[in-house]
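In the two assemblies presented below, chain A is common to both, partnered first by chain B and then by chain C.
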Partner chain A sequence: MSVPVRMADEAPFQFLHNEVIHYIYKSAENGETENGKNITKLENMGFRVGQGLIERLTKDTARFKDELDIMKFICKDFWTCVFKKQIDNLRTNHQGIYVLQDNKFRLLSQLSAGKQYLEHAPKYLAFTCGLVRGALSNLGVKSIVTAEVSVMPACKTHITCPSSDQRHSHKD
Partner chain B sequence: MSVPVRMADEAPFQFLHNEVIHYIYKSAENGETENGKNITKLENMGFRVGQGLIERLTKDTARFKDELDIMKFICKDFWTCVFKKQIDNLRTNHQGIYVLQDNKFRLLSQLSAGKQYLEHAPKYLAFTCGLVRGALSNLGVKSIVTAEVSVMPACKTHITCPSSDQRHSHKD
Partner chain C sequence: MAVCIAVIAKENYPLYIRSVPTQNELKFHYTVHTSLDVVEEKISAVGKSLGDQRELYLGLLYPTEDYKMFRKLHNSFTDVMCNPFHNPGDTIQSKAFDGIVSGMMVQTG
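Then we have the complex of A and B:
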């Protein structure tokens, strides 16, 4: 009996993530919790997981040179740890804005590709936004993180680091 | 920058699992949900994750010979997929009772080893009981699954399959 274990490596995390969304939205339906808070709840859970993970991952790494160095770590090591693949494309304006593109975002791969499913995308992205924000926060980088899906299952994560604007203006 | 990625392979799942426990217990404290239901909720989440995972894992496998063959798959492939290690010891009375021992159960590794933490063990085991029950259920095996910790971080999972008793008596 051979099992494609590598292929299924991210599966436990992915299934649990789906189950968490299901649970939170169902609790809200049952009136146990407030519906509007669902995205915030998922984002908060992601934040705490991101904090824990980055702490474990950077335990033995050298200090980062700068913010871009940190982003590269997020794109490569951090993303691989969670999603078993790297970010496909990293763009920055070198003034604190970063766009991370994942052409095959794992947490969307169970949603069908039709446009009618795009409306469900936000709940599949909230946890990951928190995840990135939590990781960055633990590395001393304050950020605002949002994500968008244009064509499934590609996902763009936008990171804005207000503090780095200030740093740039200090340099001027 | 080198990262011990293999070591951290199970980390995202583990951190998310901890966060789910934290979330469910905190909701109960805030009076949003009923406290007594927490273990059941975790068990149910595990059940659904187990169902999904086993479906993915057995997609391309041959049919199982018998119940013991299924248990071996749970101990080896299924456990490795979720916990990145195999069950260390499988015992059975060949009448529908199985005991799976994991000497270093990953979902307990973040709890300290003191005896005073043993009281918290049940909430760290409920999800996994559901996980195993869900996996078995999808393979047509009805079961009752419980787990216990004697010495941290070792964990014994007890599986009772009532149907197989019947099968044995049919053979008699």
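Then we have the complex of A and C:
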């Protein structure tokens, strides 16, 4: 059975995502706009969604061989399900660090391609970082996920898996 | 038909456990716990063999289980996870899940 792609259309999700960001910043306590708390809220939302989403997506897939296998799944099936396209480039140092490059990140493509909104880009990446972190979490991989934008609308997602650097240290 | 059904979180604590009411319920709980060891054995064995058995279902741990039952259970588990009011890590308190489980348990009078 193939992965169900009958998820809601792209446009409603993008509109909703934009509204969520707008709402969170509007209702920030002292009207502070550059508050780390807002980014954290967005990331946590994405985390919970990622957890549920990955359960649905991997219901019928085979067990993953290793971490790299999991990352490839994220780059292909997971990214396709959420953004209707795959990750353009995956790089790793085979020691727990992965860089996922999306040259035309869907959630940024509606913003101007110049430098005008570059400083606001992190707001639009927070939810997606949480999404990836939540998905990995329910696959048993603890990770730290950050994203950076140097040229709109290309986006690089950095995934760091701390437990992969150490040699099988079992911490109970 | 099952006499005991349990869903264990990845941190090794039970999210949901239900058994047919008999005198040795505790025995079932212990059995569930020991079966975790068997699961772990199977998983590490699979890691070594070349990706032959990549099914989520690890097969009969002891010859009394049913694959269809596992599928139904996994599907309702996925539904529970997608419930926005459920926090992952909490015990499962969904009536729908209870219903599915009752359908699978041995019926006693």
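Operating definition for what follows: the second predicted complex is superposed on the first by the 149 of 172 C-alpha atoms of A that agree within 3 Å, B and C clash if a C-alpha of one lies under 4 Å from a C-alpha of the other, contacts with A are read in each partner's own complex, and residues count from 1 in each chain.
By definition in this document, a residue touches a chain if its C-beta (ideal position, glycine included) is under 8 Å from a C-beta of that chain, and two chains touch if they have at least 3 such contacts.
Note that the coordinates shown come from a computational prediction; the quantities given were computed from them, not determined experimentally.
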Contacts of A:Ala62 with chain B and chain C, given as first, second, both or neither: both
Contacts of A:Gly36 with chain B and chain C, given as first, second, both or neither: neither
Which of chain B and chain C A:Glu19 touches, first, second, both or neither: first
Chain touching more of chain A, residue-wise (chain B, chain C): B
Touching partner for A:Gly140 - first (chain B), second (chain C), both, neither: second
Intersection of the chain A residues that touch chain B with those that touch chain C: 48, 52-53, 56, 62
Complex contacts: residues of chain A adjacent to chain C: 48, 51-53, 55-56, 59, 62-63, 65, 138, 140
Complex contact set, residues of chain B against chain A: 1-5, 8-9, 11-13, 15-20, 22-23, 27, 32-33, 41, 45, 48-49, 52-53, 56-57, 60-62, 73, 77, 80-82
In the complex with chain A, residue positions of chain C that touch it: 10, 46, 51, 54-56, 74-75, 77-78, 81-84, 88
